[in-house]
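We call the chains A, B, C, D, E and F, going by the order they appear; numbering starts again at 1 in every chain.
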């Protein structure tokens, strides 16, 4: 059961509205790595989760992300306000202007409708926690980019708040994953095939405009993986 | 530049075709965590990557995933063959039958068109490697489920091959991430706000059909995070 | 700001799980007229709304719909539980089984991803309230159909709860619309063109398998509209 | 059976082409509340309708909307003509220019493909008429916004024609709904649960940046609904 | 300007309804190669067309396809009627049943919403006619498959009518293309690079489960194209 | 089985980056008629194909298109590089900037995710070859338009290379189609209905802003088709 209080988790103030920046902010309102995506991914995982402790974690963070959605929405509305009356501003997002009257909606900066295809929900808790750590890393870098594209102090502060929270979440999910006590790389219950699992296939070779063939810890044996000669060599 | 050789990376043989299982296999051909998604995610990241060593890694695995797509397609076609002539089989996937003539196409088990919205590509290598580790974990669990829903030995063997490779990839990506030498949770370059980053907001409380409030390493201080009283308490 | 309590707004109990019925229930979890669509439509309208009283109404109902989403999710999970282990059950929704591990996700009964294209948000309060009344009418009829396709008493009771609430909401939105005090059909501020607005164009005529030409209050003058001879007659 | 005559229902003339305005007009050609959406919603409802009189109404208006689609398409093409040759104009809609050669197609102002997810078709006539009234209200406000973003007299006149027709349709659908003679809020045949249907749940409370808690006719008893104390209070 | 007459272009009669076949028929109502796709592709091309004669052709056929949409819709409704009341029938298309009340809507046999992404409209008449010839060939083969999956004589007859018309259209479009008098393969106005245009790159070689390397008129010189040694050979 | 070599099939060099042109180039990276669409259409057809010779052809060209994807991606990245740091450049594609860090991804110039709905794959070789000829014609005209919207010599040269290859492919597919030796318009195996197949229905008549009624080889008997009086005349 949910309850809403008409207070933002973080108070937003901006200087001069910047409509094109408002359009960019939509990435975190209705975009692929935005707050609704985070809220829904963790909440749906939480509802499906049968581990009571981590279920609480998923619901705690899933709910916080809804409050983030409200914050980024408020910030976006402030920057997009000129779309209601200015033709020039309107061109920065014609759909928001004409169809939406200048308000926010669950579309990204290029007008793509939010879709559940953004979510990663497998119903396997160990896997889902991996997906969540990655999701938080993505949200963090997106907020960092938004911060770098505005000079408005109030906007920067609000985005800094939201960005910081994603690192908190990343740490919480990593802790929940680690505390499951599973050996690394033991996803599910069926063991991978021995030997085959240690072979590194060298699918891309040569050198040119697109790089060169190299080695690193992932294929020099340090990680237990060794390059095998590509099966393609003799077949052509 | 790509080259194709008309040999499968793993030879597939099945017993009696099982059309409904063939339909399930489409999850790994044209589905959200399937082989095209893996191939495109790593390859596009690879093309964008400016770290030569990890660019090679991304291209190696991205290319291998294309070869996996070919294998899972071959396996799926074998199981779906009855759709060409049997009305009963056709009902297991009417779109494949009527629009596709019983062959494979880039749609999942419920006929959703493959979409680039499945991909996670941020252009930040450290973040992208997190996304890839999670993607491999998802692919692994999906293959495990497919294995558990068939009794056909030849199908199980081919799926075991594909499943094993995802663990190899997961190890390779984890090694590439670790060898970047970044401190944990240092995504990008802007530091999170001190103190705020250590606060765990208890967004979901109480107890009932949807669980109970708990503590764990993620909010008991072990991970450096501490529960703060929800700001909502006094506001209602 | 949101808060979640781990108690369902309505306690759900079912008898024997019915996987195919669980699949149908997904229409109200991740479908076009389902609970997330209602929650998001009203909440986003609420955030955009500048009329304080009706903003509260939109947030009240938008938040209640989130609690409905949780209920329908719980009911669906109960019915879909056999997908985790039974091949026969799995065929009722292969994507939920293989990709989702038998849990819920924001997809409808035929596996289409929830999309913000389902939402109707114009930023004009008078218009949005019309959209909301219609949305509640749709949700009501969908719940009624679900009730008619199950014999399980516990499922019927939960659906009756949810169905009833939609009528409450329909009444609340109608009251909010009426209390705005606008004359009927006065959308926005630009007046329609006199005379032209009273003309009823008879775009479909004749009789046959697809019906016959008729009159009713909408084109016999009762509503102030009169049929005009189609401009097409003389042009062929 | 359909017939087309090569005459627009309303003759369109414009002054100087305005490519960015042409891009905005696409909202009504291939957008969520545009003319194809109207045409398809009413026509498909009409084909499904078993009430002969209202079936005729749905087909009359559904067909008229096809003629509107042709008008808005003609107007859009005039404004977009510079995209065929001017690089600067081309930037106002790169997809129309590069993929479409500067002509119209069924995409909106931000290039999203028209989708049947825009449609509201339940097969319940009483419900569908509610959806149609709301759809006409949305179309009206969208045309009003388009009128406000151009200074071209010819464009304004054509849009005024189209806007006016939506009010005609709104009146016709409202008349058709009222003449069904159903008591208000009696959707379908299953009665809502007494008492529960009169309870207004106060899902959003408090006051702050997102408003304050209020009362109005919808929750002060005037509409028969009374606020009940939120069940969440005691549970936290 | 459009007009509709309430008579089907072809009268449809069926024997016993076959719900699963009705579901298959949706491919031609709301599917990728169905009647709406045909109607919209040709009509939008027609509106964009500046060659008066071929514009008439595009509008003639575009309009006929709308009449086909009506026929296939009527046939589908007859077969889907049991969905309104039978739980077993309902399982053949849960979305049509629960969300749509058993009527047709613009979704395909697996419930995917019709999308303008199905259309091929480039605004180059010579190119568009190529797309239309291919579209008619696709529609023909789909109708042929539908005919082969039913034993109902009335259904077969209606589908035979619709299938025949596509061949008529294919001939008309081919005639319109040929009568443009352009030399073969002269798309647009920029000439391809000499010599390079005659080189056939042998991207796939070897032999195995996926075939073998072969020659044919397309790479043995008959069509003016000659195999060049793959640039990849020496680079590995 | 695939192999990748880190060399572009065509070396790309550009002068000054042009971000808005880079955005346009995305049409051929992640757009409807772009290189991934070509690669996947031919490759999936190839995997389904049971004619060994034409299967090789489909795989040869499908694989070459992957190499084209790499080229157009490299060209696009060069033009989009300023998005990483310039706010003005960022506005030319906010999603690429904020979500993608200035790199390429499988989205078109207006940010729509690549979708398998772009593909035409029927599993009937004769039909698929028609679709491929049309696809190549579309790709050619799109490259021609891109060439016309840039003044950069290096960009023009790379696009000329890619454009030329599409004509090669068009010739190869046409040769493969012709060499099947089927009489024209004999799609599949069911014959169209005699006489009916020779009737040209005049669905659009009259004259006005949308053209006039005309005749041409397609309806004057030259192609064996004759206009029949529309059945609608007497029915209104």
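Everything that follows uses one rule, which is that contacts are C-beta pairs under 8 Å (C-beta built on N, C-alpha and C of every residue); 3 or more make two chains touch, one makes a residue touch a chain.
What you see is a predicted model; the values in this text were computed from it and never measured.
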- Most distant chain from subunit C, judged by the mean position of its C-alpha atoms: F
- Superimpose the Cα atoms of subunit B on the matching ones in subunit D and note the rotation angle, 0 to 180, in steps of 5 degrees. 180
- Message: Farthest chain from subunit A, going by mean C-alpha coordinates, please.
- Response: E
- Query: Whole-Å distance, subunit C centre to subunit E centre, using C-alpha means?
  - Reply: 32
- Which integer distance in Å separates the CA centroid of subunit A from that of subunit C? 29
- Query: Distance-wise, how many Å sit between the C-alpha centres of subunit C and subunit F, to the nearest whole number?
  - Reply: 38
- Note on the structure: By the touch definition above, subunit F meets two or more other chains at residues 1-9, 32-33, 47, 56, 59, 62-63, 67, 70, 74, 99, 101, 107, 110-113, 115, 117, 122, 124, 141-142, 203-206, 208, 210-213, 231-232, 235-236
- subunit E touches which residues of subunit F in the complex? 3, 5, 7, 9, 32-33, 46-47, 52-57, 59-64, 67, 112, 115, 117-118, 120, 122, 124, 126-127, 130-131, 133-134, 137-138, 140-142, 144, 147, 160-161, 163-165, 167-168, 170-176, 178-179, 184-185, 187-190, 192-193, 196-204, 210-219, 222-225, 231-232, 235-236
- Okay, in this complex, where on subunit B does subunit F touch? 1-9, 30, 36, 40, 44, 47-48, 56, 59, 62-63, 66-67, 70, 73-74, 77, 99-107, 113-117, 119, 121-124
- Message: Per the contact definition, I'd like the list of subunit A residues that touch subunit D in the complex.
- Response: 1-8, 11-12, 70, 74, 87, 90-91, 93-95, 97-99, 101, 107, 110-113
- Query: What residues on subunit F touch subunit D, complex-wise?
  - Reply: 20, 23-24, 27, 31-33, 92, 108-112, 141-142, 145-146, 149, 203-213, 230-232, 235
